[in-house]
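What follows is a single structure, written as structure tokens, with notes after it.
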Amino acid sequence: MTATTTSPTNALRSPAQGATLAAVDLACRRGNRLLFRGVNLELRPGEAIWLRGHNGCGKTSLLRLVVGLSVPESGRVLWAGAPIGESNSFAHERVYIGHANAMKDDLTVIESLRFLARIHGRDSGVDALHAALQRVGLEGRRDAIVRTLSQGQRRRAALARLALEHTATLWVLDEPYDALDAEGIGRVDALLLEHLARGGSVLLTSHSSPGGGAPPMTEFDLGRFN
Amino acid sequence: MKGTLRWTTFAAPSRFYALAGALNPWLWALAVLLALAGLYVGFLVAPTDATQGDSYRIIFIHVPAAWMSMVLYVAMAFWAAVGWMLNARMASMLARALAPTGALFTFLALWTGSFWGKPAWGTWWVWDARLTSELILLFLYLGYIALVSSIDDVVRGDKAGAVLAIVGVINVPIIYFSVRWWNTLHQGATISMTAAPKMAHTMLLAMLLMTLAFWAYAFAVVFTRAQALALERERDTDWVRALATKR
Amino acid sequence: MSSAFAAVYARDLRLALRRRVEALLPVVFFVVAVSLFPLGVGPEPQTLRQIAAGVVWVCALLASMLSVASLYAQDFNDGSLEQMMISGHAGTVIAAAKASAHWTVTGAPLVVAAPLIGLLLDVTSQSLLTLVLSLLLGTPILSLLGGMGAALTIGLRGAGVLLILLILPLSIPALIFGAGAVAAVDSGVSAAGHFSLLGALLIVTALVAPPATGLALRIALE
């Protein structure tokens, strides 16, 4: 199994092994101008990249391109050597947590989490969800309506999905540390370390430098591609 | 090789701009001449109708306008689809440029249709099946224009417009059929030519001239509008800057 | 795939139940709007009976359109739509689930309310049955078309009115066949033709609208 063929051989690869994400010559358009161009990025199993850059340089746009929500102006994104548009395993092997929490205001924390787990094909059983909420420190608030939670608690609820992951998938996180207190940051870092140890990969943005408890990350400055 | 080159040659906004600029004066001239000829034949040369007298002459504007309104809608949907599927900016701009002219012809068809029906029915509006379908077509045009102008991001606007236009084109036959059904069920009014089975040659000539005139006019206006759109969208490119500094 | 449909459908129903009053507003609008006609046209039973089918249908159309405008707004704003669209499930499935949920929450109650409205307008019981059946076939069409309109107008200013302008022309065939069925029954003719056309329209819409909606959703998120 190689990572350089362009045929969809990903069906043969076991999820435990992880795959490489590659962005080749990526360019992003915003309105009438190019936000960035010529971005080349490679993320191998077990690696973490901290995407940094000044406000407005396109960090969120790059994440959305990598994840497949937007189409690049030029260039392409490859997962295990195949373009993500043609890959039938990419959706399942990738977890995207955007800036917005995707929690429904009118549902309880556990109901919101269960919905996300279900549509992403993850274990949505009560035990799994309880365990996940415990990992992010929300086990006491699992039946609370999301609207009643603080910003930090909602962020933790959004990140609880990460605790449902047990395989070497790709995590794309937009400002995961946002609104979290020190304890919350510690919990997220623990999840990241575990994930990288089992061969998963992480691509995240953060406007502040990841703290001491965070796993080692390669810095990628998007600002130099503007 | 040369064959493939020609298909996409004018997909580049700069080349389209140049082509349109070269053709427009001729198109305008053609439109004016054909219109004058058509109106002359239609209003002065063609014979008086046996049953409708002279008021029927409005059909020389009404029928070509109605045809244009339908043709332009299909063209609009076609170019919007091409622009979306082939990622061709100029095609999307062409679709946007077609819409206002299509709406104008639809309105013209409705207005002249009203004039046509007045002597026959005594009212300014009749729910004739074809007129009603034209009215709905006007709504479809207005909907498209409203949608693409509400979306700030031009690429999203182009694509959303394409979806709407394609769905509209599929719906037009359904709408037309249902309106005809509705009209016959309720014994609605019909405006039509009750002239002799064989239309006088001059009448056909007038129709043809007016249709061609409208075609030429439509090309000229749509090209001009598309040129304006190209200038606006491509304002940061070299060829537009060169044009601006030349003046 | 079917589990994605079930997940989205169940979630939307649960959300509607948490906001019961808001979910019933379209039905209230429906009743109020229909009641305006006797006030505007005069209470003469003859006239009311004649215009009843058309009035009920148009008001159902408007009630449906008004409530569908925000079908994707919340999901778009809180990031749920993004998650649904990258889950690997086809946009068609998501769209079908949302439209079905909309019909269950708004369309079906309109169908249930229709007989009461019919009584207000002095519709005969035979016409009433036809009216209810025509709405039963027609309201899903409205939910499907409305969902497409909602997807095209996500995040736009004045999206509600724009949606009505976009979708009303496309709903006219359903209106014609639906209200026409009642008119047919009223004049003693069978409405079978109308119902088969309405049924065909429902099938065509169910096949075309969800994929178109899925595309529109992807376009809105790009």
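Each chain gets a letter, A, B and C, in the order it is written, and its residues are counted from 1.
Note that a contact is a pair of C-beta atoms (placed from the backbone, for glycine too) under 8 Å apart; a residue touches a chain by one contact, two chains touch by 3 or more.
Predicted, not measured: the structure shown is a model, and the values here were computed from it.
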Sort the other chains by how far their Cα centres are from that of chain B and give me the top one.
A
Set A-C beside A-B; more C-beta pairs touch across A-C
Using mean Cα positions, find the chain sitting nearest the overall protein centre.
C
Centre-to-centre distance between chain C and chain B (centres being mean Cα positions), rounded to whole Å:
32
Calculate how many whole Å lie between the centre of chain A and the centre of chain C, each centre taken as the average of the chain's C-alpha atoms.
37
Chain A to chain B, mean C-alpha position gap in Å, rounds to 49
Where chain B touches two or more other chains at once, by residue number
155
What parts of chain A, by residue number, touch at least two of the other chains?
none
Interface hub residues of chain C, defined as touching at least two other chains
222
Going by the contact rule set out above, which residues of chain B touch chain C in the complex?
136, 139-140, 142-143, 146-147, 150-151, 155-156, 159-160, 163-164, 166-168, 170-171, 174-175, 177-179, 181-182, 185-186
Tell me, which parts of chain A touch chain B in their complex?
29, 31-33
Chain A residues touching chain C in their complex are 67-71, 90-92, 94, 96, 98-107, 111, 115-116, 118-121
Which residues of chain C touch chain A in their complex?
3-4, 7-8, 11, 14-15, 18-19, 74, 77-80, 82-89, 221-222
Can you tell me which positions in chain C touch chain B when the two form their complex?
148, 152-153, 156-158, 162, 165-166, 168-170, 172-173, 176-177, 180, 183-184, 197, 201, 204, 208, 212, 215-216, 219-220, 222
